[in-house]
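The structure's right below; bear with me while I get my questions together.
Residue numbering begins at 1 within each chain, and the chains themselves are lettered A, B, C and D in the order written.
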Amino acid sequence: MTTAQPEVPVQELDEVVIRFAGDSGDGMQLTGNQFTNTSALFGNDLATFPDYPAEIRAPVGTLFGVSGFQVRLSSNDIHTPGDKVDVLVAMNPAALKTNLSDLKEGGMLLVNTGNFGKRDLEKAHYSDNPLDDPSLEQRFQYVPLDLNEATLKAVEGSGLSNKEALRCKNLLALGLLYYTYSRSLDVTEKWLEGKFGKKPQILDANLRALRAGAMIAENSELFHTRYSVPAADLPKGTYRNIKGNEALAMGLVAGTRKADLRLFYGSYPITPASDVLHSLSRYKNYNVYTFQAEDEIAAVTSAIGASYAGALGMTGTSGPGLALKAEALGLAVMIELPLVVVNVQRAGPSTGMPTKTEQADLLQAVFGRNSEAPMPVVAAASPGDCFHAAMEAVRIAVTHMTPVMLLSDGYLGNGAEPFRLPAVSELPDIVCNKATAADADGFLPYSRNPETLARPWAIPGTPGLMHRVGGLEKEDLTGNVSYDPENHERMTLLRENKVLKVAESYGPTEVFGESSGKLLVLGWGSTYGAIRGAVQRAHSKGLSVSQVHVRNVWPLPQDLGEVMSRFDRVLVPELNRGQLCRLLRSEYLIDATSLPKVQGKPFGSEELLAHIEEILA
Amino acid sequence: MTTAQPEVPVQELDEVVIRFAGDSGDGMQLTGNQFTNTSALFGNDLATFPDYPAEIRAPVGTLFGVSGFQVRLSSNDIHTPGDKVDVLVAMNPAALKTNLSDLKEGGMLLVNTGNFGKRDLEKAHYSDNPLDDPSLEQRFQYVPLDLNEATLKAVEGSGLSNKEALRCKNLLALGLLYYTYSRSLDVTEKWLEGKFGKKPQILDANLRALRAGAMIAENSELFHTRYSVPAADLPKGTYRNIKGNEALAMGLVAGTRKADLRLFYGSYPITPASDVLHSLSRYKNYNVYTFQAEDEIAAVTSAIGASYAGALGMTGTSGPGLALKAEALGLAVMIELPLVVVNVQRAGPSTGMPTKTEQADLLQAVFGRNSEAPMPVVAAASPGDCFHAAMEAVRIAVTHMTPVMLLSDGYLGNGAEPFRLPAVSELPDIVCNKATAADADGFLPYSRNPETLARPWAIPGTPGLMHRVGGLEKEDLTGNVSYDPENHERMTLLRENKVLKVAESYGPTEVFGESSGKLLVLGWGSTYGAIRGAVQRAHSKGLSVSQVHVRNVWPLPQDLGEVMSRFDRVLVPELNRGQLCRLLRSEYLIDATSLPKVQGKPFGSEELLAHIEEILA
Amino acid sequence: MSTTETPTYKKKDFVSDQEVRWCPGCGDYAILNGVQQAFATLGVPKEKFAVISGIGCSSRFPYYMDTYGFHTIHGRAPAIASGVKIANPELDVWVVTGDGDALSIGGNHLIHAMRRNLNIKVMLFNNRIYGLTKGQYSPTTVPGMKTPSTPYGSLDAPFNPIAVALGAGASFVARTVDTQIPHLKEILAQAHAHKGFAFIEILQNCVIFNDGAFEHIVGKEVRDDHQVNLRHGEPMVYGKELDKGLRLTPNDIEICSPAEASVWKADGPTGANAFRLCQGSETAEVPVPIGLFRQVERPVLEDQIHAQVNSVTEKLGEGTLEALLGAGETWDVD
Amino acid sequence: MSTTETPTYKKKDFVSDQEVRWCPGCGDYAILNGVQQAFATLGVPKEKFAVISGIGCSSRFPYYMDTYGFHTIHGRAPAIASGVKIANPELDVWVVTGDGDALSIGGNHLIHAMRRNLNIKVMLFNNRIYGLTKGQYSPTTVPGMKTPSTPYGSLDAPFNPIAVALGAGASFVARTVDTQIPHLKEILAQAHAHKGFAFIEILQNCVIFNDGAFEHIVGKEVRDDHQVNLRHGEPMVYGKELDKGLRLTPNDIEICSPAEASVWKADGPTGANAFRLCQGSETAEVPVPIGLFRQVERPVLEDQIHAQVNSVTEKLGEGTLEALLGAGETWDVD
């Protein structure tokens, strides 16, 4: 089926932000994902922000059980899922209550009135029915609709029970929005066929609901306008809509393939990092071995074992799990084997708010080990960038024979964006420092490559290179145990310098905007999009603001001090209490201004713009 | 027996540094401790530095099996065991080889020639007998003596086997030195009687060897002079020679008694922290409960459980163990219960050099946890100061309802000094913030004491205060689970401010020397003595140098920035790669100069003085 | 209420004011109900209960109990509970944990608490899956299961939680079922009465990620024939009509008539028979045992610790600050 | 040497150039000697051995073996070895650990490696003490012992390492003695031949902190009467004159004549008899078993993992970068 001819006028929009909100059981993540994919294939640029409760299935209708999915589609180059929303779909009172404040004045409010019974209202702690509020009509483009009834009608005769039938109501809502935003139903229809191919009854009901939604929109008088958001002018290439965690897994696989190594990923499930394990465990035909360990310590140590045995060992977790790996990471530093440690950060401290995002593990990543145990740290900037950051982590680990920390966060990991797939030829080459039987004569396991200070990787099984490694201080060159004071200082410096030398392999720091000026907004990690959006808007207001976004957060780029010195002020927005800012201050003695936020949610561009304007006022 | 009348002249010395060095089995630690105790009771100020191998009993005669004990006795107020030594007792070739370079030109070299056979020389990797070197006589006051033979003779007829008899040779050496330094044998004789009271044969042999040593010294022509080091002019009071780890345990007990709490210490053995567990396990009659846990995680979590149940939970470890506790410390931050975490630092990273000292866990202590998990950090400055630092840690933990990190290190923990015992009345009062059944009405487990921001301690078993705590983010006041963004930010700031407020309870920062000037040497922890010694010497050379030693390393004292600003330059010597310096730079944007040392051994005063002179040149 | 009176409670006295947040239909609801009922009958003042959990769906349990509660971190509840019990032996300490929490990350603390025999009670909600993290396989998952982390089927052999407990020397080992509330209450009461560590495996249905994992054992239709309830001193008979029995031989288990059934002994020196029973027979299709696998008396660690402290204190006198500061060899400078 | 020839080695080929640093008289010397002898006979090219240890006196072992060696961190050797073996199944992976390393901090990794049944061999040097940290009691220390951390005597009940291994489902469980080199070599050879995880407890004397801990079992004078060597398929007889036997009953162990002795079976469905034997009898003074407690064949995890990877690869084709980047729903912008 193709959508019917429009009878209402179609208005072209630059962009729109839509949020689907409903009960955890209402299928909002699915709905949002479908809208996203359809828009992606249509050619919009987009960004998403799924936000779901910690509970697996919270009791129906409760406030803490609300699940939301926000998608922003645009005909421009965008970087965040947007601050306030243009369209809110509220499937029940709890969803209305927890989301209404984010709807723009004049925005579209689609409410499923079928779920506003007395029990529903009570569960959302409403004493009166909020839909009785006459101001809704005035403040918003208010569209009340009994989706339950409409769904039951659409699916009538399908043979499904009422309960089963009602499960299709999210597709009805989706159909409504597809029509309103001039989208074809094709993508979702195809997807449904793939998914329910073997359950024709359910497939039929879902298709009917989807189409009914579009019909209702077309025929009813509920919608006065249709909109369209034209395709964006994205750089040429092949695109794929991808979540950060998927992109990260893909980057790890790509990097390991480029290095021609076996990939071993030892991990223990933890939100929001588990999806990396899940993704990798599907790549079995890429010489990928996943190991669900008994805990985080076994996860990292099994990975160290794998690297010792000649694979590229990797491990992944979130903040509390990283804390548990700290001791073993010291061992990895000491034995100087490659290792990639993924940390998809979440809000803390302790268990904190596991499903919420934060960037507060930076200092843990840089300093959270006993004694002097330096380690490079790489941070991804966007869902798609997780791919490139992962490759960078692999490159550093393998080239420099060192553990590397790769920082992502819940916002990146679960968020999605169109990702331009690099050509195979664009991927960096990654060369291992392996020793072979030919090196047996006078082999020194702690000799060093003069350029990188990397030691040779002498893999068990190789004749003639037998040697012993371990966590005790090593003698320079031989790797034997040594308690010699001078040797200890020399080795400490060698480990430090080896990590500092990684900075020699970075490209020059890129400045977005003028290369000097009044204000530099310097960020790292997932704040990239929000900062870019804010700086772009600031530019359009003629403000003297530039952006630097640090990918290699440790060691910091060698030209960073010089770049910062070209600006009157440096502002450092972070989803923590000022951790990168602390590093910048201590490294460069620069009076950088911290802009901290710890609310378990990302910055909005408007919010950052306001700060920029304030500073420049 | 009292020592015989001197026939050789007695020369008075300000101080002397003696090092006993021998095989692990030679009893050097015992010998050193006896010399120390005798001198302490005599009234000298003193400082010791035991240095023993990682191996329990390394094979006899090997280089890595050398065990050393250095003691410096003085008639002045001293703070370190000294850099170079005046007297070296070398019991075998390995001890000679590894220690000779530390003997001052002209110093006394006492060598047990009885252990310089071919096998002994080989084990020490000597190709020729070093005693054949004629320059020994020229460079040192060289005293070669066959202690083995002398001991066998002295013990002859005791009925002991040769092997058993030879075990007494350290006492013979001790007797020699007692005579030479005009010390009475009484203390050691009494100690031997206590120790071997039930083994008269062995007691007799030991006493004979000790006395024979003194006789030989008196009668032989080996010694041309006797020396005496007069008593020091120490502040009035009762003194006890104490090791840092013992003083620390005592401070923990004293603090807990002052707070009228049960002490629970959960720990897993690890060098050099195990002695704290050992000491505490002997204090059973002080309402002290020790628990040797299955690992460091169980150690800290059992302590958290104990605090939850109303005792004062404590845990202790060294660097690698602290890394393992990181996750649980986040929980302690979240639930806001008192907890004391002892870290007796050692050289790392990883297993590193377990028996060597280092101060490189500072940043781990301050930042080594996931997310924003602030915690006060207290550092001890000298063996005796471990007592006061421990009481301070208890005070902060109990008064402010927070986990507190207490940093010591191997040098402090194993080193000893005369400790002036405080009177009971000098000890600070420590008051708990307990809630009682009377508070049941409208009880709010996360309400706060306005002065300290501490929450009430509501202990299970108390009627009416039933509530639930945990690692998920807490709602302000109620402590219920909350995912609210504003609440999360509020709670993050409350936790941060609660810790910052601890600084309000410190006294003003003390400056040793002029309160302003050219150079401030700012240290923390075990570098105290070396810095004090260097600054004192600098003063006597008329240099404009002062010292500040930070006890509360986190949060830093409120007046510290102001104090530093009164000096042209700030020098920060640390046994790490500049960790406190990094904190100072980021907090105060001050261009402090780091003076790092990572050799697994402390600074010497001379070494620091040289740096001071260089800077001021 | 004074703590000397024996309090009389109703189930509702143990219901907290927090909204229960498990999936509708989750077996945890039934267990919560059973535990609240059981606690009301134990004769313990409610402020004496400390309910301590790790992390997992099951570990949210303490929020719903109107007692002192501590939702700790993943896997560490037995260690935390050990500290609680040693510091304050007056408390009635219950641990709630899951198969992931207790047997994956927390396995070591669990077995050490078992060997130490502290008087704490551990309820392991075994749903053979990681619920909270969305359905990965656990150390009790049946091999071959497709989960998010094993898209091609899991390969690891599982633990038998009862065998692990026996191997670690637990002094009380039992198994019960989420939906069999009377049985559950009976086991909880026995565990409470036991002086020492009690380990209770509770088979629990996760409707979302592993629905029906125990249906072949606990399903209404099959359970009479597929379960045998171990009661100390009673013969091992089962079946709807109690028409079948189990007999132990030196090397195996056999199905027999009720009259020939072995009398179950939960004590004995080694627990070898419990070890055999919990793993079943290779030759016969024997039912799955629930009930009491093992109960022996051995010294309770916190009792011993407190006795040692008391005896040292009696011998040396209660330590004072004066004594503390005056100990050791001292000298005076004046 | 090419890896296809069967190498012929002498003991000295496995002696490294590092000075051995144990206390003179330590039981570790004898074990080192035995292991070097045994390795020389296994027919494995020496570069294929990876000897992996944790931390402790015993864990210095790898330094003294002229093979690949990895002295890791405390308690984690089984987890590290798991990664080694999965990443590179060609290697012959041996773990050396102590009673503290394996059973205290490392207990969880050990039992998980056991249940997973990776083909790695674990030698636990049990001296019932923490040697390296100077003599604190360990999870196998006999209660009552005065150590630096238990000046008034230790209170914790110990683990029985064999029982723990059986409870965790280890497929090969054996015990040998530091000074009984021929027995040790026999057990090592059996462990090596076993397809799967092998757990070998080695009773080891710490001359410094727990001298003579096993003297009542291994002392030259007593050992014939106080030990029984379990050999699969052979009757359990012992005594200097082989004049005594052991007989298993449904509930216990009895001493009997050699003729009446039960034939030892190390396989069987549950390991219940091994579980009984490792704990002894309450009614009779039975000897301490050494030798083979259990050996069963079950799937080896790394074999299964590699088989799964191979089968998926066969089905989907070997993944290329092109395929990786081209997967999923894509669209073109031009």
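Simple rule for what comes next: contacts are C-beta pairs under 8 Å (C-beta built on N, C-alpha and C of every residue); 3 or more make two chains touch, one makes a residue touch a chain.
The structure displayed is predicted, hence computed values, not measured ones.
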Selected interface, B-C versus A-C, where C-beta contact pairs are more numerous = B-C
Task = Going through A-C, B-C or A-D one by one, find the pair whose contacts repeat those of B-D for over half of the pairs by residue number.
result = A-C
Remark   = Distance between the CA centroids of chain A and chain C (whole Å) is 39
Note = Note: chain C sits from chain B at a C-alpha centroid distance in Å of 44
Ask   = Hey, how far is the Cα centre of chain A from the one of chain B, in Å?
value = 47
Inquiry  = I'd like the Å distance between the centres of chain C and chain D, where a centre is the mean of that chain's Cα atoms.
reply    = 29
Query = Do you know which chain C residues sit against two or more other chains?
reply = 55, 73, 104-105, 107-108, 112, 139, 152, 156, 305, 308, 312
Shared-contact residues (touching 2 or more other chains) in chain A = 54, 64, 284, 294-295, 320, 327, 330-331, 350-351, 470-472
Request  = State the interface residues of chain A toward chain C in the complex, per the touch definition above.
outcome  = 54-60, 62, 64-65, 268-271, 274, 277-278, 281-282, 284, 290, 292, 294-296, 320, 350-351
Request  = Would you mind writing out the residues of chain C in touch with chain A in their complex?
outcome  = 19-24, 55, 57, 73-75, 104-105, 107, 130-134, 136-137, 139, 148-152, 156, 208-209
Query = In their shared complex, at which residues does chain A touch chain B?
reply = 53-54, 64, 318-324, 326-327, 330-331, 333-334, 345, 347-353, 355-356, 358, 360-361, 363-364, 366-373, 470-473, 483, 485-486, 488-489, 492, 495-496, 576-577, 582-583, 585-586, 589-591, 597-601
Remark   = In the complex, the residues of chain D that touch chain A are 1, 3, 16, 18, 45-50, 52, 55, 62-63, 66-73, 76, 79-88, 90-91, 108-109, 112, 305, 308-309, 312-313, 315-322, 324-326, 328-334
Inquiry  = For a test of understanding, state which residues of chain C touch chain D in their complex under the given definition.
reply    = 104-108, 111-112, 115-117, 139, 152-153, 155-160, 163-169, 248-252, 262, 265, 268-273, 275-276, 279-283, 298-299, 301, 304-305, 308, 312
